Amino acid sequence: MPADLPDDAFPTTNGSLNRKLRMALVGGGSGSFIGRVHATGAVLDNRAEIVAGALSSNPERAKKSAPSYAIPEDRAYTSIHELVEKELARPEDDRIDFVSIATPNHTHFEIAKTAAEAGFNVVCDKPMTFDYAQAEELVKVVEGTPGVFALMHNYTGYPLIRQAREMCLNGDLGEINAIRSNYIQGWLRDAIEQEDQKQASWRTDPSKSGAAGAFGDIATHAYNIGRFMTGCLPEEISCNLKAFVEGRKLDDYGHAVVRYQNGALGTVTASQISHGHENNLYVEIDGTKASLVWRQENPNELWVRQNGQPAKLYTRDPNAPYLSALAAGSCRLPSGHPEGFFEAFGNVYRAAFDAMIARSEGTSFEGRSETTRDTLYPNVYDGAEGMLFVTKSVESSEQNGAWVSLKNDYARR
Amino acid sequence: MPADLPDDAFPTTNGSLNRKLRMALVGGGSGSFIGRVHATGAVLDNRAEIVAGALSSNPERAKKSAPSYAIPEDRAYTSIHELVEKELARPEDDRIDFVSIATPNHTHFEIAKTAAEAGFNVVCDKPMTFDYAQAEELVKVVEGTPGVFALMHNYTGYPLIRQAREMCLNGDLGEINAIRSNYIQGWLRDAIEQEDQKQASWRTDPSKSGAAGAFGDIATHAYNIGRFMTGCLPEEISCNLKAFVEGRKLDDYGHAVVRYQNGALGTVTASQISHGHENNLYVEIDGTKASLVWRQENPNELWVRQNGQPAKLYTRDPNAPYLSALAAGSCRLPSGHPEGFFEAFGNVYRAAFDAMIARSEGTSFEGRSETTRDTLYPNVYDGAEGMLFVTKSVESSEQNGAWVSLKNDYARR
Amino acid sequence: MPADLPDDAFPTTNGSLNRKLRMALVGGGSGSFIGRVHATGAVLDNRAEIVAGALSSNPERAKKSAPSYAIPEDRAYTSIHELVEKELARPEDDRIDFVSIATPNHTHFEIAKTAAEAGFNVVCDKPMTFDYAQAEELVKVVEGTPGVFALMHNYTGYPLIRQAREMCLNGDLGEINAIRSNYIQGWLRDAIEQEDQKQASWRTDPSKSGAAGAFGDIATHAYNIGRFMTGCLPEEISCNLKAFVEGRKLDDYGHAVVRYQNGALGTVTASQISHGHENNLYVEIDGTKASLVWRQENPNELWVRQNGQPAKLYTRDPNAPYLSALAAGSCRLPSGHPEGFFEAFGNVYRAAFDAMIARSEGTSFEGRSETTRDTLYPNVYDGAEGMLFVTKSVESSEQNGAWVSLKNDYARR
Amino acid sequence: MPADLPDDAFPTTNGSLNRKLRMALVGGGSGSFIGRVHATGAVLDNRAEIVAGALSSNPERAKKSAPSYAIPEDRAYTSIHELVEKELARPEDDRIDFVSIATPNHTHFEIAKTAAEAGFNVVCDKPMTFDYAQAEELVKVVEGTPGVFALMHNYTGYPLIRQAREMCLNGDLGEINAIRSNYIQGWLRDAIEQEDQKQASWRTDPSKSGAAGAFGDIATHAYNIGRFMTGCLPEEISCNLKAFVEGRKLDDYGHAVVRYQNGALGTVTASQISHGHENNLYVEIDGTKASLVWRQENPNELWVRQNGQPAKLYTRDPNAPYLSALAAGSCRLPSGHPEGFFEAFGNVYRAAFDAMIARSEGTSFEGRSETTRDTLYPNVYDGAEGMLFVTKSVESSEQNGAWVSLKNDYARR
């Protein structure tokens, strides 16, 4: 066993709140992948517990799935509306604190709006909404309601992604010239949506997934990671989307070129038809002083290179003197003890929880900075920007890859 | 997001028990690494909750650490004896089900014995006891008490380690010829125990750690993984231990050669003085039909090689047709979504929980097979064998590497 | 040492010619990198010897460099014209057989034309000419002269690149959907051309390098490898070139999207400003039946993936039953004994030598197939296509990334 | 293309000798793997040419193989005796300079002795002789004759192995504590010697290979690399050899523990029965200040690690400021342009050639230092030490792994 973790390695209590935060899960009925991940990531630090859910709009399935989350029968709801109504009817000290949304894309908006307007905090899976219009409306909803709104761009929770961001922002890389983001998968190589595979069915259905397929599902992550790491602000985009699998209604492959306001050139590639590629998200950043490479499938490593020096392998290590306090503090285990996908989710939740505590204490937890994003967790503005990215990608692709503006007021470093 | 997980991908409830199992954590006071890992791994599937603890023998520290585990003040005990006494005094339906032991080695025996004799199930960190005599006694205690006893050889919980075991046992590798196990770390390169680093201090103190240092702490894992993967039974051992750091009382480096009963030749190397190596446990197996290589720092991959064929990279993939049901069923996430250290702990707990449920249902959960180990979780016999390995390693080393018998009645395939 | 190589593993003699081929090297004066590589690769199989050279247009340097190639003083010329004149004056059985051109780009055309028109075989480094007009003219020259013309797209000589090509052409990958080619270097990160670094100076000088910098120097390789591997024919291109280093006159970074006639989508990225990247050429191919990944910096490995199967690592292995005869026959060493850059050069030379022998025997060695390229070595048509790629890349970039046709009569599978 | 190579990057001429060295190859008849490697490596820098050979003791095969090395018929001999006699009969300025020996082990001694006593320089493949007695005798022969004697421990020619040596010798690693050398192959997994596979037949035949199989063939390399890298002097050895393949007369697997005089602990593992492992030689060194890992199958990389710092990847790079002059000067290509097996051979030859030139100039080229080996190329003392290693390994194994002294007067840092 390796070096000590500092006593305060990571917070495992909610400070002045002095109790666990109470979570309601929306979505996550049996067979749901992402619902289970939310449920696991949210409680990883013992700071939250699931007490209610609307796991499915199918009443039978909703009830049947509840025990697997230890949700009591009387809090196993079948809609966000029932959930909100009945939770609000409970005494304040027995009411949920936040709603986690893990449903197909087309339902996010209504659920998020309903929960936010009821005063609850919200953690929403991405993409934030079905389309950009909804996203803009949701921004207004969130701005007009008191709660925390966190968007689950889970990859931003990886310690070494955060390290990369801090290195970029503090100038370790110099000026950023190039951002190459790729998200390569193979699971939609065949038309499995025609065989009623649940994950595939809604993701390839324009009425549920939105205007884009792979670009909405995964290119948004790839683009977001590049934006999060570098803080470069977008200027315009040229995009080409393809549906290679016969009969598929949405893109399963796509490529975009992004020009950033500082002159950097970015590329975003997304594939769901690359045989045998599992979840191959990788990002390469070139700065005038150094370059970075990170791969999601081995997230505990970050390559840092400078001409004339040996390539350096930064590892996820809470004790590494070369890691920033934020990156080091995003680790739960000593180096060499692999962390993974759940922990990254847990880290986004951790930041959202800190904001929820701040809110409960009456402290300001958010405020739009003119220059830098103001929350560590991806927020509603990141969500709106993500939807703009999808919308503009589709728009460009429909115009044969013409340049389309990506400028927007939501984007911050 | 990738392919569906089957509805019953992994159990998240306790079946007929119909409630979470109640856990008491012994050890785990602030600054404890392994206590936190037990606490996280045990609850990962929502099948258990921590309700009590004896986090430290220092009363103040015990109380102070309790909130971080959400342990109520009245169940934050300061010794196993207080814990057992007060828990037994509670009504049966409000009493803990099991005790997890995450204390330094020299205290395991008394805690385990006390808990087992009180009728509780026990999950004990490794090495099981301070010495082999204690281990033999603990075997008798466990055989004479009704509870489950699981030893936390956590690496056996990795899905691809289990895959390797099944490939070996079902003959995919043919006859096993060679087992090379290595566990290389660097964190004890300097005499940090002299600077009062907690993890280092007790691990290098013969009165707390036992007869061996690195060999007790990590070579036991390396040896255990080789045994678990292959099922080969040991014949004899030749060992050389070294303390390279000046003033250190226990080995920080060591190497053993192991002869197995089937003629296989094994090697076990353990280092805690290899600069920059984090937790580099790797195992290579040679069979007459195929060979395997697995590395803990990237546990989601297993190399399988056969002459005349491309090397094959098996990945942790719950849907992979080439993985055994056990390995596939040990996954919580689709392929490409990295799992890590916590999940492996969770998998050992999962198997122990299944046994606890079986016990609660009056079903037999264990029975010594003549040929094959009878529990998926490492049990008291594995613990005894591990202590024998440490004892005989030291004995051989003291005799200049002479061959010493490793035969024992505890060993099963 | 590993398995036998077959007796006829690779040809080391020139068959009926019964002597070594006589080579003249043009370029390669002291400090030349690529001249030395030609000199080494050409003689690797003992089938050629360097007997003459025009190593530099600077007479002193030409003389001074000659001994390092064991070129006798009287055959150390100072221009292609002197070389041709004096060699033609020698008796036929003492005359050079071929000229290898390893000079800066802007001089290729005249040298190649002069040598070809004198009846000599030519091996020319890439890019073939200074511009596309020259390339078209050179096609005509070569078509009207009797000699072999080989273009040194050296990466096509790697055994596993050839394996990839054969897998694509024989349908192992199904229909090709995507080709991602990247060539990432860092050596021009700083304005070293201003410090008179020789390699940098001419490569960043439009009067010597041509219309493009990185795109002419390395993107041509990346594009060529994708074309060579897949046989997909190009339709149109959209390109964005950048010069990130201040004061640089040619692109040091660029990105192109290529549409292929079969509907496949390609991307080509070239960078010479990515800190610490050495010669990171990598190509990813997606087909409907399988996908491939190959990286030049570890050229002895090729990843082959299919959904539902373990990823397979093909290695360069002359005895591997899974490699094609061509790939296996392109190896000089058993598997695990690394081959590299020189050997790839050697393989292109080997194919060119076979054609030279055929020519000497009066056998046809080339003839334009309607469907498939007719020489294993890259030829003058490949060179013309490469120049078209550069030309059209620049043209598109100057039009803000507009789509520009890449169709041409030179392209063959 | 990357950075300039310095003008004098590597010597390509023989200085005052002003001509190529003339080589005779003994062994290397058709089907010989290692003969071809010698022939290729020796001429790689254009400093030598093959002019004669005794390629086979079978006259017909000797003649038939000659053209593939461009050896003229009248210098294609059938024995070392014929070779020596006839070459000595030629005028001095037309006579060979050195003999390269690439025959099975049992013939090395006589060939080397004959060539040395005739005054020729010798480059001999390893292991140097059939047994240790021959080795000791050959030391005396070489000491009593004027020529250069180089032993082809080819792996010492890799630039990064040389870098590792210099880092160890100059103290960058501090005191050396551990040396783990492994050489894992799979090609003798089956009893292919019974199918008359040439390479396998003599290597598994005690009358041709010597007292050991895998340990003579490859463990000698692994041991030699550890010795070469660290300069640690051996004290004693404990060894266990096995023949796992039925009917095999020599070990195909073995493991040794080596104690060094400075207290370091070494291990040497050799396998020829590990499915799918090609030529997996890897070495790990632990020092008090840093650790190293190097793998032959990717020889262009060397890992250097220090606690508290990112792991560093040193690459083979002639321009790297962090590489020693020797390592940088052992490169023929810029970084990222892979070098391999032939180049390592070439580097040993290069050092031997330098000594041959020195001899021709009447300069001393060798002199036994009391502390450090005096030639960069492995010499007759390294060969004797290698034979002692094999002899003592077998002796220890026959005594059930008893410790046997490895001390010897040949060993130098």
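Order of writing sets the labels: A, B, C and D. Residues in every chain begin at 1.
Everything that follows uses one rule, which is that a contact is a pair of C-beta atoms (placed from the backbone, for glycine too) under 8 Å apart; a residue touches a chain by one contact, two chains touch by 3 or more.
The chain lineup, named per UniProt: A, B, C, D = Gfo/Idh/MocA family oxidoreductase.
Small disclaimer: the values here were computed from a predicted structure and weren't measured.
Visitor: Weigh A-B against B-D on C-beta contact pairs and write down the one with more.
Guide: Most contacts of the two pairs: A-B.
Visitor: Taking CA centroids for every chain, report which one is farthest away from chain B.
Guide: Farthest from chain B by mean C-alpha position: C.
Visitor: Using mean C-alpha positions as chain centres, tell me how far chain B is from chain C in Å, no decimals.
Guide: Chain B and chain C have C-alpha centres separated by 55 Å.
Visitor: Measuring centre to centre with CA averages, how many angstrom lie between chain A and chain B?
Guide: One centre to the other, that is 34 Å.
Visitor: Between chain B and chain D, what distance separates the C-alpha centroids? Give it in angstrom.
Guide: Using C-alpha averages as centres, the distance is 44 Å.
Visitor: On chain D, where are the residues touching two or more other chains?
Guide: Only 187, 277, 309, 311, 315 qualify.
Visitor: Within the complex, which stretch of chain A touches chain D?
Guide: 304, 308-315, 320-322
Visitor: If we count contacts the way the header does, which residues on chain D are in touch with chain C in the complex?
Guide: 1-7, 12-13, 18, 20, 30-31, 33-34, 36-37, 39-40, 43-44, 46, 50, 67-70, 185, 187, 192, 197-200, 203, 217-218, 277-280, 296-300, 315, 317, 332-343
Visitor: Would you pull the chain A residues touching chain C in the complex into a rising list?
Guide: 177-178, 180, 182, 184, 186-187, 189-190, 238, 240, 242, 244, 253, 255, 257, 263, 265, 267, 269, 271, 273-277, 284, 286-291, 305-307, 309, 311, 400-401, 403
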